[in-house]
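What follows are several structures.
Below are two complexes that have chain A in common, paired first with chain B and then with chain C.
Presenting the complex of A and B:
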């Protein structure tokens, strides 16, 4: 028992304070994507929608709709277009309505479209 | 249909007994056609020959086809029998191999066909409200399954104590029916269907790459093992060979999965025995192992590593070599302290005993079976790369109690660290072989932290899944939990036994 007492004092410290600074280990966690506007056309949007397994992406006319609340940060869309889609670095998501999680990305239209 | 010559061994012996034919022989699994009229003879022949009934499932085509997967662990192969049924009943296989009972119940729920014995079948996966429009793989049974797990009205001094399905924060939905005389457990039954998600139904029509996403969510704590089994099944069906470096990467991911699961089981054992400092120590080790996973593969629970035909990413070797010794050292220090704590060891010893005979009869796998003296490990018994070149050390104990399971887990954790070092030295890589076009069927397997995980898949000519069977180890081992809980244990032993089994409801309910 003295062994456990000593270990408890040394290692079993629990804090409920929110971390004052980001934990370094968070740097390698997967995060939802960030989409670069001006780089995604209709064809690429179709490929991104097809790559996503959790229906977080869909097209609404000439808009790519991204519902981050459905995103599992699987990284498949980033593999499809690594220049246009990058990790957002944001994994702490909160909102008071479903609409707060939906982002709309305008697609690049070619002349005549 | 092409008829093949069976290789010498179990299949040839079976074919002689029933005058059957070999349909396929791929990747360590031979498929044999067994007519319905010969199924009982075949099951008797295989069971008498020492074969282990590893799985039983059905598929719906023009008629329901029953498939039995038999493990020949000393001959290092699997044998699949394929039987198209021409009536809604088939021979009572669980009378021959008791391990088949849960699958008989599942097949009745999903396909409406049942063993000819007329015995009551339990509800195991589909909820009571599952009507004719409920998504199922086949046809609705003519009558709802019975709730025949245990008597709901008990006589004498005994009474039933319902517990769950909501039990505590962060624990999966599971309903316990505890029949007790006040302290000692007289009987116990479980309802697992609250977590049913219809995953095998959802996999139909998907391409293998899409299926991986769902497979790794079947049992999140076995993401690598279940996905590996499904990927191997697809590769067997299509004749694809993953790059050697990718197979080494799979091995590293699977051993990391084993390490963090065993650390989590140790923390759960401490929690269930009320040893909060030990729990904190084990959870520190667990957190460090999860961080090693994230640094190595980009995900704490190793999601997104495997792909059909190979892997999607290579390990960060520097991060793994840098982080693993410290994380495992934390685990080892906590384990050593626990092994020297009498109040902890007393709770584990002679608790939740599973005998060798029970483990064999119920077809148990993994640490639960190995702690009961059954030396099975698919990494050794049905070895595939990289384990055919880098074999693990088999950890076996005889006592069959919680302490034996704990010791098996500790031995395996130590060996996983050694294996990871060997696999790193062998040069793991990434990449995947492009899957050939065309259809086919195949069996895949991997040794998850809970034991043998199996997957069988059938693909159409377009490469889409027509039937995927996922059988994580939890499906097998929950059926041993009842017996372990009844072995002269009291109420407070149940959480300890559950922690030592370290199973998931998600894996069995799917």
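Presenting the complex of A and C:
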């Protein structure tokens, strides 16, 4: 019996864990945006919604609703407001329900509202 | 009502344990393209390349739905594909999992109209959703491991706000 086969039987390990170490290429991946809540008002929210080609963003009253599952990480909202919108760096985004993907971002209200 | 909810939770827990014990180290995947632009397929193809090495994790791609435990669906689910999608799903032996892959399959790119359903969930019971346009092979691996309960999903804990506040 080859030695490696006996070793495999002894240890009983057939598959490995994930990940063995952080993957360096992950830093280069396009990722969905993260929003700086103190900098987005109603007008900017409207511009962000208009810039997106997918149905990921829409405004619901004083809340910007971001559906991560529908985001294509195109980066157009980051072009509209580079200071207020930055890449989140998150790419391991699998979820078991679609409700878990919907994120609500509060908007800054103008004085008197 | 609460007794029924408890029974449902216990059933879900039993199913979760059964999926983990049956598929944790050996899962066969059939891919289904329902009108995707083929970039998701390119990323899925990369999974079996040495860089990502799908097989080390106990996942295998199979061409036959009858050999498959998991259906990996890409594309916006065009209506012309309804019958083929249902036949593929019915041909798989149970217990079976469905993974919707990519922004099209999750409803982000094509709204429902006369040609597409817009989301895979309209036709098939989806267990895991993997966003991305396309999802990178790393994201696909994480999604598959979430499907067999070897990793916990983390998207529900993320806020996607740069300063960590939610409002």
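Here, the second predicted complex is superposed on the first by the 96 of 113 C-alpha atoms of A that agree within 3 Å, B and C clash if a C-alpha of one lies under 4 Å from a C-alpha of the other, contacts with A are read in each partner's own complex, and residues count from 1 in each chain.
The rule we apply is simple: contacts are C-beta pairs under 8 Å (C-beta built on N, C-alpha and C of every residue); 3 or more make two chains touch, one makes a residue touch a chain.
Predicted model only: the values in this text are computed from it and were never measured.
Engineer: First (chain B), second (chain C), both or neither: which does A:91 touch?
Structural biologist: Second partner only.
Engineer: In the overlay, work out which of chain B or chain C sits against more residues of chain A.
Structural biologist: Of chain B and chain C, more residues of chain A lie in contact with C.
Engineer: On the A-aligned overlay, A:29 touches which partner chain: chain B = first, chain C = second, or both, or neither?
Structural biologist: both
Engineer: Between chain B and chain C, whom does A:75 touch in the aligned arrangement: first, second, both, or neither?
Structural biologist: In the superposition, A:75 contacts chain B only.
Engineer: Once the complexes are superposed, what residues of chain A are shared between the chain B interface and the chain C interface?
Structural biologist: In chain A, residues 14, 25, 29, 54, 72, 74 are touched by chain B and also by chain C.
Engineer: Under the definition above, what is the set of chain B residues touching chain A in their complex?
Structural biologist: Residues in contact with chain A: 210, 213-214, 275-278, 280-281, 284, 291, 294-295, 298-300, 303-304, 312, 319, 337, 340-341.
Engineer: Would you mind writing out the residues of chain C in touch with chain A in their complex?
Structural biologist: Contacts found on chain C: 25, 56-58, 103, 106-109, 111, 121, 127-133, 135-136, 138-139, 141-143, 145-147, 150-151, 153-156, 158-163, 165-167.
Engineer: In the complex of these two chains, what residues of chain A are touching chain C?
Structural biologist: Chain A residues touching chain C: 14-16, 18-19, 23, 25-26, 29, 32-38, 54-56, 66-74, 86, 88, 90-98, 100-101, 103-106.
Engineer: With touch defined as at the start, can you tell me which chain A residues reach chain B in the complex?
Structural biologist: Answer in residue numbers: 3-5, 7-8, 11-12, 14, 25, 28-30, 53-54, 72, 74-75, 79.
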